[in-house]
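Note that the chains are named A, B and C in the order they appear, and that numbering of residues resets to 1 at the start of each chain.
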Amino acid sequence: MTNVLIIEDNPADARLIREMLSGGAMPGVQLDQATSLTAGLAILAEQAPDAVLLDLGLPDSQGMDTFIAAHSNAPNVPIVVLTGFSDEAVGARTVEAGAQDYLVKGQVDAHGLVRAIEYAVRRHAQREELELIASELERRNAELSTFTYSVSHDLKEPLRTIEAFSQFVMEDYAAALDAQGRDYLTRMGAAAARLKQMIEDLLLLSRAGQRPETVERVDLTEVLDDIVTALNGSISSSGARIDIAPGLPPVLGDRPRVEQIFGNLLSNALKFVIEEPPHVEVGITASDDGRGSFFVRDNGIGIDPRYSERIFQVFQRLHRREEYEGTGAGLAIVKRAAEALGGRVWLNSTPGKGSTFFVSLPLFDASTDQGETQERVKEAA
Amino acid sequence: MSNDFARPIEILLVEDNPGDARLTMEALAEGKVRNNISVASDGVAALSFLRGEAKASGTPRPDLILLDLNLPRKDGREVLAEIKDDPQLRQIPVVILTTSRAEEDIAKSYQLHANCYVTKPVDLTQFIGVVRSVEGFWLSVVKLPPAQQRVA
Amino acid sequence: MVRYRSIRVLFVEDNPDDIEIARRAFKRTGAASDIAIARDGQEVLDRLFGEETSTFRPDLMLLDLNLPRVNGFEVLERVRASELYASMPVVVLTASGRQEDVQQTYRLGANSYIQKPAVFEQFAHLLEVLGEYWLEVATLPT
């Protein structure tokens, strides 16, 4: 059974619609009618019909205002708009504003009317289902983040015991052990240290993936300068050259995540090198539609295209631990942080020649209202 | 380690001896944790500062109070009692920093809920060492109560 | 500073590993000469208020909050309400970093609040600083 509310003041039009709908074309249809916007809103306040057929020209409201009033009072009811021949353009605008469809009076037959209503009801149901799934997904994501956080935290306590007591044995009983015994103990200590680092990285990952509470203008040049200063040790020891393009546009995000993204990319670029001193370039390739595509290019070992997805998974390592240190969480953190800011990350690489990582991020637009840009990031995320 | 590094830790030093005050401030300034020190040189000034009546309005309520016992105008013991009796102030840790070693002062201070009693050594180097220890414990090891609203 | 009296620290902690870590850390500073252990809140109340009362006199209490049977907040309240222990310094040593817990323990009269770091080296260092501060720098009530 489908309940349709007709809001229409013209008796002749109303009669025509009733005839078209109740003539068997729409089995089980229940019709209700209001002859003014006020009366229509009163009915909508009491009950939720499956669809509303809304005439825009009513005694107490005209044109676009009629639709806005009806839609904002009953945002969850699909509305099909009826317009006169002369204001077809308004009809198109109501669809942009959230109407399911618009029909021009006198140009629609019973079949078309029924189909418009049925489609409206079905589309609306599908959208509601999608929204439900999306909110459920978001809830589960948040839950997973909290779970990861608390589990990582709880895991640290027994780890503290392992670290403490292997150190105590080393301090008190090293002399009682032979070389192999001490080697075993050293391995335990190293594994515990690695586990600790992995837990720390999991915590970072879980935090990076959460949406930032606020986003603001982040000066990329400033962030990159700070990163270069922090990496100063490995830059000077490897004789690396780092070229940062001047005048990079500010991005819209939060500083910790932007730092994580570029910090990890730069430190990887310095780490995965062959023989020659690393040469790292940072710049922007394109910016349109309020987003910038930044890149970090290196002359390092490169990545086989087969692994271009795998490297973004946490704790994935393509090399032996003795060759390149680290837990293998860096790129997973980059990916999560970029996505949390509504961006994404991908790469281009030739093994043996080097890699270029690209990060697209929303740019800060000084001309728009800060609140509005924040909304955009939320939607994109 | 456990405190919020976003802002410096606010310390109120209640001390009438300018030499001691200066020495304490110097030792604190060299500490690892960023801090701001305000000095009150008598008990009345200390309480009026804590209650936001001082002219230095906008100064945050301190995170930690270092309190001498022998003070002009209002004695340190009275100041301590008033702080710990005031629901707005009582959670702020108060460290008694005094030359007195009298058992009575020690017992009385703890009874009035001083958070710690530390005697100032007469020796200069030892004095600096003690202030450093106070700083090392209260600013780096302890978790201080959450930041309070600013003094009006 | 030279001590002529042995200082008794009452350590209330349910994790035996942390007890051992703390014992070693204190031993290394040479600060505490006597460490008494209570493994839950009821045990500490029994020892403080039971038959032993006249002989068992800790100079300092290290108190975990999350304890079996009677939790740390209750222990703190009982201790502060009693004439006998009202002035005994109580240092809260807990895994919790919740602002509410910090606020509440200070309000209940804890002398200081310390969050246990998860990393062993930091924990060991912290215990050494704690031991030195309370047992050598601070003057405790007699």
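In the analysis below, contacts are C-beta pairs under 8 Å (C-beta built on N, C-alpha and C of every residue); 3 or more make two chains touch, one makes a residue touch a chain.
Computed from a prediction, not measured in an experiment: that's the story for all the values here.
Trainee: Without chain C in the mix, what are the joined groups of chains?
Mentor: A | B
Trainee: What's the farthest chain from chain C if centres are computed as the mean of the Cα atoms?
Mentor: Result for max centroid distance from chain C is chain A.
Trainee: Suppose each chain is reduced to the average of its Cα coordinates; what separation in Å results between chain A and chain B?
Mentor: About 48 Å separates the centre of chain A from that of chain B.
Trainee: Need the CA-centroid distance for the pair chain B / chain C, whole Å please.
Mentor: Computed value for the inter-centroid distance: 23 Å.
Trainee: Which residues of chain B touch chain C in the complex?
Mentor: Residues in contact with chain C: 1-2, 90-91, 93, 101, 103, 106-107, 110-111, 113, 115-119, 130, 133-134, 136-138, 140-146.
Trainee: Report the residues of chain C in contact with chain A in the complex, numbered from low to high.
Mentor: For this pair, the touching residues of chain C are 15, 17, 20-21, 24, 95, 118-121, 123-124.
Trainee: Across the complex, what residues on chain A touch chain C?
Mentor: Counting only chain A, the residues touching chain C are 153, 156-157, 159-161, 163-165, 167-168, 196.
Trainee: Per the contact definition, I'd like the list of chain C residues that touch chain B in the complex.
Mentor: On the chain C side, the touching residues are 86-89, 97, 99, 102-103, 106-107, 109, 111-115, 117, 122, 126, 129-130, 132-134, 137-142.
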